[in-house]
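The letters A, B, C and D name the chains in turn, as written, and every chain counts its residues from 1.
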Amino acid sequence: MKPPRFGKIPGVLVAGAGILLLLPLAGLDVFLLDVLTIGFLTAVYAGSWDIVGGLAGQISLGHALFFGTATYSCALLTSLLGWPFPLAAGAALLLSTAAGAAVGTLSAPLKGPFVALLTLALGEAAHEFFLGQTFFSPRGAYSWGGEGGIPVLLGIPWFSPWIAYYAALAFLLLCTWIMLRIARSETGLIWTALSGSELSARASGVDIRRHKRLAFVAAAALAGAAGVGFAACVGRATADDFSLELSFQAATFAAVGGRGTIVGPILAALLFYPLLQGTGIPPAGRVLLYALVLLFTLRFFPAGVAGTLRERARARRMAGRKGDGR
Amino acid sequence: MSDLLLADRITKSFGTNRVLRGVTIGIGRGEVVGLFGPNGSGKTTLANIITGLTRPDKGRILFEGKDVTGMSMDARFRAGIARTFQIPDPYPSLTVVESVRVALLCSEAGRKETEGKGPGFQENLDSLLVRTGLFAQRFWPAAKLSQGCLRRLEFARAISCRPKFILLDEVSSALSARDEAELVALMRSLHREEDISFLLISHNPLILEELCDRVVAIEDGRVFWEGKPGDLAKYVPTSHHAHGDEGGNHEGG
Amino acid sequence: MSGPLRFRFLAFVFAAISLACAPPASAEPPAPHPNLRIGILAPLSGPFASGGSSFLEAATLAVERANEGGGILGRRVELVVADSQGRVETAKSEAMRLISREKVFGIVGAYLSEETIGAIEAATAARRILVVPVAATAEITDGVRRDYPRYRYVFRVSYSIPQWAAMMAEFLRQKQARTYAFVGAGIRWNRELAGALKTALSVHNIVPVYEAFYSPRNPAFEPVAVAAAAAAPDFLVLGDPGKNSVVFVKRIREGGSKVPILSVGGSLGDARVAASLPLTGPLYVQAAAWKGTSEAATRYVAAFEKRFGYAPVGYSDTLPHDAMTVLLSAIRAAGRQDTDSVISALEKGAFPGVAGTYRFDAAHQAAWGPGSPDLHGTVIQWEKDGARIVFPRR
Amino acid sequence: MNPLAQVLVDGIFTGASYALMAAGLALILGVVKVVNLSHGAFFTLGAYVAYVLESRGLGNPLAAVLMAAVIAFAFGVFLCKSFINPVRSHPFSVAVGSLGFAILFEQAAQMLWGPHTLSIDLGAPVAVVDGVTLRRWGVISFLVSLGLLGGLSLLLSRPWGLPLKLIAEDEEIAGSVGMDVEKIRYLTFGAASSVAAIAGALLAPAATITPTMGRVPLILSLIVVIASGMEKVWNIFFLAVGLGLLSNVSAYLFAPHWSYVLLLAVICLLLVFRPKGLAAAGPARDY
């Protein structure tokens, strides 16, 4: 019997994807295509956070480390070493996955706030390192790296905002599918158990260190994939790709959408990123809106929107079944 | 020695507090051993060392003749050393069936037999639930279960690895008389049908007298008495006995 | 959630996205706008909002002046503001918004180097003029030199890092310094500035005796201040234009050192900030223009003070004004609102601004520096009763 | 003047300024049991209060401290009552929500006082001993953080601090013996917010005042509180001073731009070797 934990969400996602598929035909300009493209990549990034932070319960405050590793690898390999982009993208994915394995190995013996502290420290250290690290530029009297960043050479002359949009949409759908598969898999079940009670999980034969590491690896690979897409679309990797702000952004989307629901964080990013960046609200209004939405959503949906709705649905099911059992 | 499990000269200190000072305890195949001692005597620490939650300062743990001292708790579970906890800690967001499923997935025994959860896996899972009397509540969130059902869930989890040895930590504490009787029956049937060895930890002599083949009593981190359960009463200070006499005890510890 | 309810919820979510994103009912054919629309791209929120908002004020002043004079080519100039948020991808997409939705003729922006690089990509792809008023990295104008057809839309009004270094070197030479120490944030542009300054000063045999870059996030000011003072340089060059430079000056003066400090400008040019600093040692601040360097500058400072209530620092609140003025003058000189004509007007013409007269070289970089007839920047010294201009000497 | 002696003294002072912020954060973590990411916003609030008083010609540190404490207390109680207490069962959401409050405050500060860098008069050093300058803000941080943490540990060890200790250890029991747990939570949060604002008001002369100035102290105090193991009050002080010394001495002897990376690396190493932070007593490491 399938566990009823994640319900029948894909059908609905397909409907949503259909709308997004047709949206450009409704007369989107380049600006909105760009915002939505980045929005799709942000959604994958938020979802990847939820794999390790929600599903496996390892609060990561250094998630940008994996994202930045991927964008920086793409930039350095294409611009400095002259690799073709696809090859660099593959290497970037491997490197960010390796970063995930490293962070996972270090944080596996830790619990709760100590995981958050370790990942925060590693992410901050990486940000600080890359802010100060400049690379020789073969082109002129300036360097690459640091806050100004490094160009990413895509080398695809026919690349256009429309192609970027559809590629990012396809990427989002693929990654959402993968993430939901992970969440529903046996491994996903084990991660949920481990996030609920490490003691019980260990007494159930769960090798918790291996699984924590695995969760970091999976999340880092997905975040890295989002980073590769971001590098390709923006054409630049900067030290800010490692920033704490970016790490907090993922955690924020996850909290608002519903930690551990995968779909919640993805939808939250899909909804908020375009709302904040794509509607041309004046800056002060945008920041205030963001902060107030955050506060009010969490005040009334403490487990995030999807999380709280799921809790309520469960409570209702419980009430319906009160008859049987004790 | 033909012991299934042997804890050999176990020593453990926390800071300056010497909790165990060279405890040796063996459990034979199919034997039910009771571990008796007052609060703070080191029972739970010994249990944690036997099951791999805590590493001893000195001494070894042998299981089926192999040294498992360096093995982690989860590896020991997969090897056939299962345990229950004095205070169950259910997964807050999983249902009963999912909770048992996790244990079944992880135990190599369950894995090998069914090769990637064919129909045999589901049957196994269902039979575990039926056997522990949780089948009707299998879709309940584990966290919403009553104390009695939580103990059953602990049992279901423990036996899902087809263990050769189960450690039961204060199995009857905080339970009603009915729940306690049912759990005792479940334990007996497991012992009878599958020849599982048990180590029962309790500070209630009545339970131990009722169930055990042999009782070991520890105090101040040392074994201070070992013998037949029937003789336990003679060696137990009357205060303990009188206390345990109340039947459904409420000592959580 | 039950099935249909969930579907309705999601349908609502997506409808909301599409509604939020739909262009504001602009189905009619893009009629030429009656106004001349110019985009402003600057960080208006977050940690760089300080620079971004004075940027906006300066540009606003330029536009108001142009409109008081009857507009450009008979049309009112209208500013369209976008917030780059200090991020490369936001700068890029906001530049796209200015172009594709707001239909601006050209853009003045952005503030940080990374923002500017994002904006360059968007502007050149859409063939719109981008006038860069603040960002200093050489990479910005390098594109024009390397790939003129693609990057010819980019012009920089502000000084590049080598020009900046040359202006400061000239001042240090006039002050007859023999040694100097460089202190800045451990970021790319400070490192580039330190390198350029070393090159420029080595010609005059002025050598660095100490060089340190403090951590950008959690700077260890005190040990750097102690070490810099202990190295006993003739001058201490402070490469950080931001808030950290203020703290550093406090640390070094607190420690009792009276070493002359030359700051690259920015926060230390703010009279309100300077008033709180101990003046136990000379404090020099480099700026593009200052009240008194020229008549235009004096007029500008007076107008700025009247409009916004504080005196400009002569850098991020002055150069954007000149960038806007240069762009508008070029449009006027071209005689029509046509990108190619305006580019050639910019390339050929000379455009007076507050800091001097701007002429662009082959890389579209305004010719700043000691060799320039009047675009040579200024250095002021803070004194008890305000700033005194010490460079250029008159 | 001996530069190294000066660097050592400055290191201790820098560390004390971390501890000053960490004290309040630790109090909230202990009693309200949430990670409060709006702590930096209260620091900023205190600094702006000091600025406003100074710019009105009322530049009196005591007045600034009092006013900052009162305003921050009110804000803190309001925040705890309206948001943090109701959401408490979801600690992660509290952390993210309090970050939202910090962003809200930053924007409000930018609208109220402008985005520009502000600065107030530094004040002369307290003394120069043997060529070593005792910086005013440093002496203040050192004494106040020592006083605060000392007061806190005294509070937890004395009868009249029992309610706090009890709540920190077991809320159910505290509630069952008739304590108004919620009220104590509000008061604690308000008091801790006051402490952050006091830190801001005291350190304002040494810093530059901007709407986002609270971000770095927040991260640093978070690092100190968690890495200290969140158990013993004095660990916070020793760790903070240790980190201050580390970053200052390493910046002086090696390269200043690596000082923060080195500090973070030490934190990572600490966690690798002591998975439960500095406090972990005995070999509590499981396997």
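By definition in this document, contacts are C-beta pairs under 8 Å (C-beta built on N, C-alpha and C of every residue); 3 or more make two chains touch, one makes a residue touch a chain.
Predicted, not measured: the structure shown is a model, and the values here were computed from it.
S.K.: Which chains make contact with subunit B and with subunit D at once?
M.R.: The common neighbours are A.
S.K.: Of all the other chains, whose mean CA position lies farthest from subunit D?
M.R.: Centre of mass proxy via C-alpha means gives B as farthest from subunit D.
S.K.: Hey, which pair has more contacts between C-betas, A-B or A-C?
M.R.: Pair with the higher count of C-beta contacts: A-C.
S.K.: Please list the single chain whose C-alpha centre lies closest to the global protein C-alpha centre.
M.R.: Located nearest the centre of all protein C-alpha atoms is chain A.
S.K.: Find the geometric centre of each of subunit A and subunit B from their Cα atoms only, then give the gap between the two centres in Å, rounded to an integer.
M.R.: 42
S.K.: Per the centroid of Cα atoms for each chain, what is the distance between subunit B and subunit C, given in Å?
M.R.: From the centre of subunit B to the centre of subunit C is 71 Å.
S.K.: State, to the nearest whole Å, the distance from the C-alpha centre of subunit A to the C-alpha centre of subunit C.
M.R.: 34
S.K.: Hey, how far is the Cα centre of subunit C from the one of subunit D, in Å?
M.R.: The separation of the two C-alpha centroids amounts to 35 Å.
S.K.: For subunit C, write out the residues touching at least two other chains, lowest number first.
M.R.: 45, 49, 186, 213, 215-217
S.K.: Tell me, which residues of subunit B touch at least two other chains?
M.R.: Only 53, 72-73 qualify.
S.K.: Two or more other chains touching the same residue: where does that happen in subunit D?
M.R.: 107, 110, 257-258, 260-261
S.K.: Help me check something: in the complex, which residues belonging to subunit A touch subunit C?
M.R.: Answer in residue numbers: 7-9, 12-13, 15-16, 19-20, 23, 26-32, 34-36, 38, 124, 127-128, 131-132, 134, 137, 139-149, 230, 233-236, 238, 240, 267, 270-271, 274-275, 277-280, 282-284, 286-287, 309-310, 313.
S.K.: Which stretch or stretches of subunit B touch subunit A in the complex?
M.R.: Touching subunit A: residues 51, 53, 72-75, 77-78, 82-83, 85, 88-95, 97-99, 101-103, 105-107, 117, 122, 136-137, 139-141, 144, 146, 148-149, 157-158, 160-161 of subunit B.
S.K.: Which residues of subunit A touch subunit D in the complex?
M.R.: Contacts found on subunit A: 59, 106, 109-111, 113-114, 116-118, 120-122, 124-125, 128-129, 132, 244, 248, 251-252, 255-256, 259, 284, 287-288, 290-292, 294-295, 298-299, 302-304.
S.K.: Would you tell me which residues of subunit C are touching subunit D in their complex?
M.R.: 45-47, 49-50, 52-54, 186, 212-220, 222-224, 226-227, 230, 242-244, 246-247, 250-251, 253-256, 267, 270, 272-273, 276-278, 310
S.K.: Could you list, by residue number, the parts of subunit C that touch subunit A in their complex?
M.R.: Of all residues in subunit C, those touching subunit A are 1-3, 6-7, 10-11, 13-18, 20-23, 27, 44-45, 49, 81-83, 85-90, 92-93, 96-97, 99-101, 112-114, 117-118, 121, 126, 137-139, 142, 145-146, 161-162, 186-189, 191-192, 213, 215-217.
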